[in-house]
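Take a look at the structures listed below.
Common to both upcoming complexes is chain A, partnered first by chain B, then by chain C.
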Partner chain A sequence: MFTYNFKYELKLLLRSSWIQLLTLLLLLLFVFASYNGKQKVDKRTADITSAQTVVDTSDKETLSILLAIEKGEDLNLSPWVTPTSPINIGNQNPRVAAMPANEMAFMSVGQSDIYTHYVLPKVSGDDFALNLSEMASPIQLLFGSFDLAFVVVYLLPLIVIAFSYNVLSEERERGSLKLLASQPISIRKWVFQKIGIRMFWISIMVLLATTVAFLLNDIKSFDGYVLFFVTCVIYMLFWFGLTFAVNIQIGKSTQNAFVLLGFWIVFVLLIPSIINQVSDVLYPVPSRNQLINEMREHKSEAEKKQDQILDNFLRDHPEYAVNNDANSKSFWHSYMASQKIVKEELQPLLSEFDNNLAKRQKWVNKLQWLSPAILVQQDLNTRAGTSKADYENYRQQILNFSNEWRDYFMPLLYNNQVFTSEHFSKLPIFQYKSDKSIINGYRLWGVLLLTSIVLVIVIITYKLRTKKEYSIIQ
Partner chain B sequence: MITTKKITKKYGDFTALDQLSLNVKPGEIYCLLGANGAGKSTTINLVLGFINPTSGEALINGKSVFKNNIETKKDIAYIPENLMLYPTLTAMENLDYFSGIGGQKLKKDQLESLLIQSGLQPEAFYKRTNAFSKGMRQKVGIAIAIAKQAKALLLDEPTSGLDPKASNEFGELLQELKGNGVATLMATHDLFRAKEIATHIGIMKSGKLKQQFTASDISLPQLEKAYLDTMNYKELAK
Partner chain C sequence: MKNTLIKELKELFRDGRIRLAGGIVILLLGMAVWISSSQYHKIKQQNKISEAHERENWEDQGEKNPHSAAHYGTYAFKPQYPLGFLDKGIEKYAGTSVFMEAHKRNEAQFSPVIDQTGLARFGELSPDFILLFIIPLLIILMGYNSFTKERELGTVSLLKSQGVKSNNILFGKWLSLFLPIIAITLLLFLIAGILLSGLEGFGWGSLFLLLLVYWIYYAVFINITLLTSRLSKSSSIALVVMLSVWIVSCLVVPKATGNIADSKYPYPTRQQFTTSVLVDKEKGLDGHNPWSKEAKKLEQQTLAKYKVDSLAQLPFNYDAFRMQKGEEHEAKVYQKHYQKLRDQFAGQASTYRSLSILSPFLPARFLSMGISRTDYHSHWDFEDATENYRIITQKFLNDNFAKNSSYGDWGYKVDSSFWKDLPKFNYEHPSLNKVLEQQLFSLVILMGWLLISFLLLLTVKNKI
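Moving on, here comes the complex of A and B:
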């Protein structure tokens, strides 16, 4: 039966133009989506580069000024800009703490759209309360970007459904089912083969579209290419499993279509959004605004008693008080001290924020198993380096770097040291390290598991059914 | 060869078939007559295993069609009332496909000779069947049925919609198959043709087999009278 099904299914698909249409559609979608993704990645890279260029230029200028001063030239600079003051360097010559795009970033830009990919942490900055997605636009959040991940997660199931929702019902409605069913074959096996064959052809088309999209965008990662294709196939397997189930359980084409669209809505739209909504209720994250207001209050409070704070601070940190005498207490001495106090005071609120975020993420991670769409989206995001975990990792690295940056300048400030060209060459540098442990294959196995669950349910309900009629006769 | 034993089919409270028993031996052509809704198609569908009986059983060559559905279908060729093919495939391809999935691998010349046997005009062999008339499709169906070399032939109003010549040719074909020892069960409204080709005739009403005749024992007018009597149209028969 298989060789005949294989041979004639291809003929039927070609003559009904399904193959031609789908190939064209998939090519268009994949090429356009990957082009779109690549554009976003290019913009991200350009943004980082231009920020770096600005920093490099100002570094050159600063260094030449430092060298001139060290040669004894009197440049008559304002104390607020002179580079011999460590705090001026710490504020005016920040490093670029950038998160460069990885090679696969173009696959999924959904998250990266709403995140910042470089920051310039300053000594006196408030970056401990840093939020990378402060720019989040609700519209973008709602629709995401038209990237490969969107095409795969949202549109590919619809294509699978359109391609195979009526394999059996079409036969019945055409009237050829009676003749078919009078042959010595199992109709269930026949449907299974037909769907398997369609799955095969659509996989070939997806492979073609993937190849073209990767080549056009000059993506050289072979692993990334293979994994992306495998992900598509595994995800389609789930949807084909579902269409198989619906094909052999339900009668009419329109019913099949509605049931399958229902599944699509549930798995692709409903479950993800319900998980989001419920996690908002269960683990509310204190609002950013509240955090910022609280921070401002603490700051103005601290400002009022800056002198007292500085005294306390120096008592607590005798290492900074070595060179201290009343005359050298500048604005910055008090400011940095009060900043540190504010940070300590805000710590509980900040950790609550972080804790809630972590708990929420843990909860979402557990519930991702409910929908293959979430699993696949997460999998693509992690491999594109644009998952929540990647941005959290980046945020932590920025926080660490901010501390490192501040810690570099604090001793210089409190020791009233002069900043020199030698110090300048030893400034800490930020180097983003991607966390490879974020990527792992268990989500794809999860999709396979969900697929097998669907098939087991099909078999069990089929076995349990007493009336094993396929309603061959309407 | 084709046997039903007290087979009953109920749809809810409605009894479509009531304890029907019949037996068609090799070399016999059994014609089922009866008004619309009498249960002729239901009988054939039960023998094919398309629907399950409420009670009783159907046997092909002594084997229960419900227990060995796929196996018994190897022995059955079936031509449905309104036979539909794949419209984008040619007559040859349709024949090749339907024979092939059942395990019948046929070569090109074998396919062609089957179509010739079925009476389809040769110009149509390599044409897509989307523009085929009902009779032309029926002929491809006949070719599929002959290809199977089945011992049991199930026909549901096979000549409805065929022109008189085609219908006549079809009758001749059935006689030929009869000679080869094929058992045929055929539902029809055509009393004339039934009398002409059948070896046995059964008249059904409301799911019951009311009368059975050996075709040679009865003339056409007698058959007509018996039919109408059964249908309660006594006045008209006089």
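Moving on, here comes the complex of A and C:
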């Protein structure tokens, strides 16, 4: 019976050109989406490279000036560009702190259109106000990107629904169901086979489209390729499970379409946005305006008491005070000291931002199990290295590096040391480390779990109504 | 026609699915309005507090050098336009406060999306989401089988035998879809109007224009739905076709257009932008650098103009004068680079416009944001206002510095009462006329959609 069913389905699908149409559609969607993703990745890589080139060029120049000065040449440089001042180097020769794209980044734009992928932390400037947001047209951010994650999360379920919302009802509406009823197979088994066969074909098509997309974009990660395909299949499995349930529970084609579409809206549009909004209400982040107000007050206080702050600072850091006499205090000495104070005073409020965002994220992580769309989206984002967690990780690393950078120059500044070519070779360097623990396979298991819950519910309710099987055929 | 209308309306209300769908939409809309209005009031409150606080900081600076105050700077907070609570537009992705300081024009910073979880990108349960995405879907669900059901139930021949004009049936069916939608949206907008009427800057004109835009948008969807229903062989095909139309126009086209626009007219990265500004700044006068070539030139010119031999003989503090000249040069540099950015966006906007012929969603989206003053133009309008204020502030401070101190006197301090003399930053949202001017093209395209879809609907014959 299965082989017969298989052949019949194939004939039917080919004759109605469903297979041809869907193959073409999937190919188009996958190729266009992956091209868009790849373009963004290429731009990101090029931007980082060009920033690095600029830094390299300016490094060479600075080094040659330093060497010349060390040889005793007088270059007649103005005090705020001369590289012998440590603060000048700290401000004018920053390092590129970049977050390069991983190989799978093209799959999902995720948060990558909001954040910047390289910054150049300097000695001066407020690192709490460190602007990691990228310059982008907000219209583009509002509409979002047409990437593979979008195709998979939003469109693939719709294709599944359109492909199989009426497998049973169609037979009934055509009148061929009565013929089938005379065959030695139960309706449930038959619908199950039919949906399974369609699932098989659509998986083949997705495999083809994935292969083409990966080949065209020259993606060499085989693991990434397999995992992407597996993700698609598992996600489709959920939607096929749902269509199976709806097919055997509900009667007419249009009703099926109605209900399935309703599920799509709930899982893909409503649940994510409601979870997000409720997280806003439950864990409100203090207003950024409030942060500004507080920062301003502390700054103005600090400004008024600058001399006192510097004295206190030097008392706390006797190592800096050793070589100091009153005359060698420059603007920078008091600036750095008061900046440090302001930063420390703001710390409680700043951590409130971080804590509440972390709490929100935790809450969202708990509720992500309510929707396979969220699970798959997060899964793709984390593997593309474009999830919120990745950018949070990057931000933390930047903050650490920023401190490291400042700490390198502080002793030089307070000891009034001359910056030399030897110092130059020992400057701290930033190396982004991606956090592998963000990537987690459990989300895919979650989708499988949801699928099995759907199937179990179907079987139980079906068992309860088996006696009515005849009425389904009617 | 009246009979058709009544019959169709009865049928719609009888249909359990429609009742359920309609009920859900109204419930969601209610939730969205409630959430949105509470957020709106919270932000408004916060802005008021922050503004007062910031002004206090400014006025309480005590005795200080004006240029130190210029570096201390001041903040402007972006006020919300009352209609922003119906359509939040780009607010989530645009900065909310601008730091205005000496020598530097800053972009608005702290966009709300930074403080949200990754789910924020799925969308938001806000009135504009329901108005733009969900109500068209409701229209489709209500109308996909308007004609196909007559055929499927075999009532076509009955209808024909009655001698009813086919156009009367069409209008009856059209109105039966339009009236419930009108009722829901009118109610929503009236409630919104009452909630907002006390607020500063609110105008009923904008509110009704916004409503009108949505009605046109819905009429377009009704036309396409009925057209598809007329042309389809069966109800289920009509439904699938209409859902595809919805997905393509509301999701696929906007996203794809965004990608195309962005790759054709890319923005520079923040760092690149800063660097190119810096390069241009260095070509001209730097207020803090008296040794540069430009500074020497200015020195010569000023000495010649006032016919004196040294800077100390000038009737004003030359340091402050140079600072102001530098400020003017820098303002020009920023003007040039921000203009470049806008030109880039103008290119993107033309891509959006030309692809609007593929989706009625796009013109409706842009019009709705525009009228709600939550679009990109309004955001720029605010940023421009802050830049003007920054320039005025710098001049105010530098002029005082120049007039009341002498060359080299960096220790000069003004009285603590001086800060109050700086006028407050006051922002007014662009007028409705200005918005319509900016959005004229979207309006034309939306009307084009309406006319063409009507014409097609009237000329096409039922497929029987």
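The criterion applied here is as follows: the second predicted complex is superposed on the first by the 448 of 474 C-alpha atoms of A that agree within 3 Å, B and C clash if a C-alpha of one lies under 4 Å from a C-alpha of the other, contacts with A are read in each partner's own complex, and residues count from 1 in each chain.
Rule of thumb we're sticking to: a residue touches a chain if its C-beta (ideal position, glycine included) is under 8 Å from a C-beta of that chain, and two chains touch if they have at least 3 such contacts.
As the structure is a prediction and not an experimental result, all values here were calculated from the model.
Residue contacts after overlaying the shared chain place A:L63 against neither chain B nor chain C. In the superposed model, C is the one of chain B and chain C that contacts more residues of chain A.
Once the two complexes are laid over each other on the shared chain, residue contacts for A:S182 go to chain B alone; chain C is not touched.
Using the contact criterion defined above for the overlaid structures, shared-chain residue A:N36 touches chain C, although it does not reach chain B.
When the shared chain is aligned, chain B comes close enough to touch A:L12, but chain C does not.
By the touch criterion stated above, A:S300 is placed in contact with chain C alone, chain B being left untouched. Look at A:L25: by the touch rule set out above, it reaches neither chain B nor chain C.
Residues 17, 21, 28, 35, 43, 46-47, 49-50, 53-54, 57, 60-62, 68, 72, 75, 77, 89-90, 92-97, 107, 109-111, 113-125, 129, 133-134, 137, 141, 144-145, 235-236, 239-240, 243-244, 247, 251-252, 254-259, 261-263, 266-273, 275, 289, 291, 341, 345, 348, 352, 376, 379 of chain C are the ones that touch chain A when the two sit in their complex.
Those residues of chain A whose C-beta lies close enough to touch chain B in the complex are 1, 3-5, 8, 11-12, 15-16, 174-176, 178-186, 190, 467-469, 472-473.
Contacts from chain B toward chain A in the complex involve residues 41, 45, 48, 50-52, 70-71, 73-74, 76-78, 80, 82-89, 93, 96-98, 100-103, 141, 144, 154. Per the touch definition, chain A reaches chain C in the complex via residues 32, 36, 39, 43, 47, 50-51, 54, 78, 110-111, 114, 116-120, 129, 131-146, 150, 154-155, 158, 162, 165-166, 253-255, 257-258, 261-262, 265, 268-270, 272-277, 279-281, 285, 287-290, 292-293, 296-297, 299-300, 303-304, 353, 357, 360-361, 364, 373-374, 377-378, 381, 387-389.
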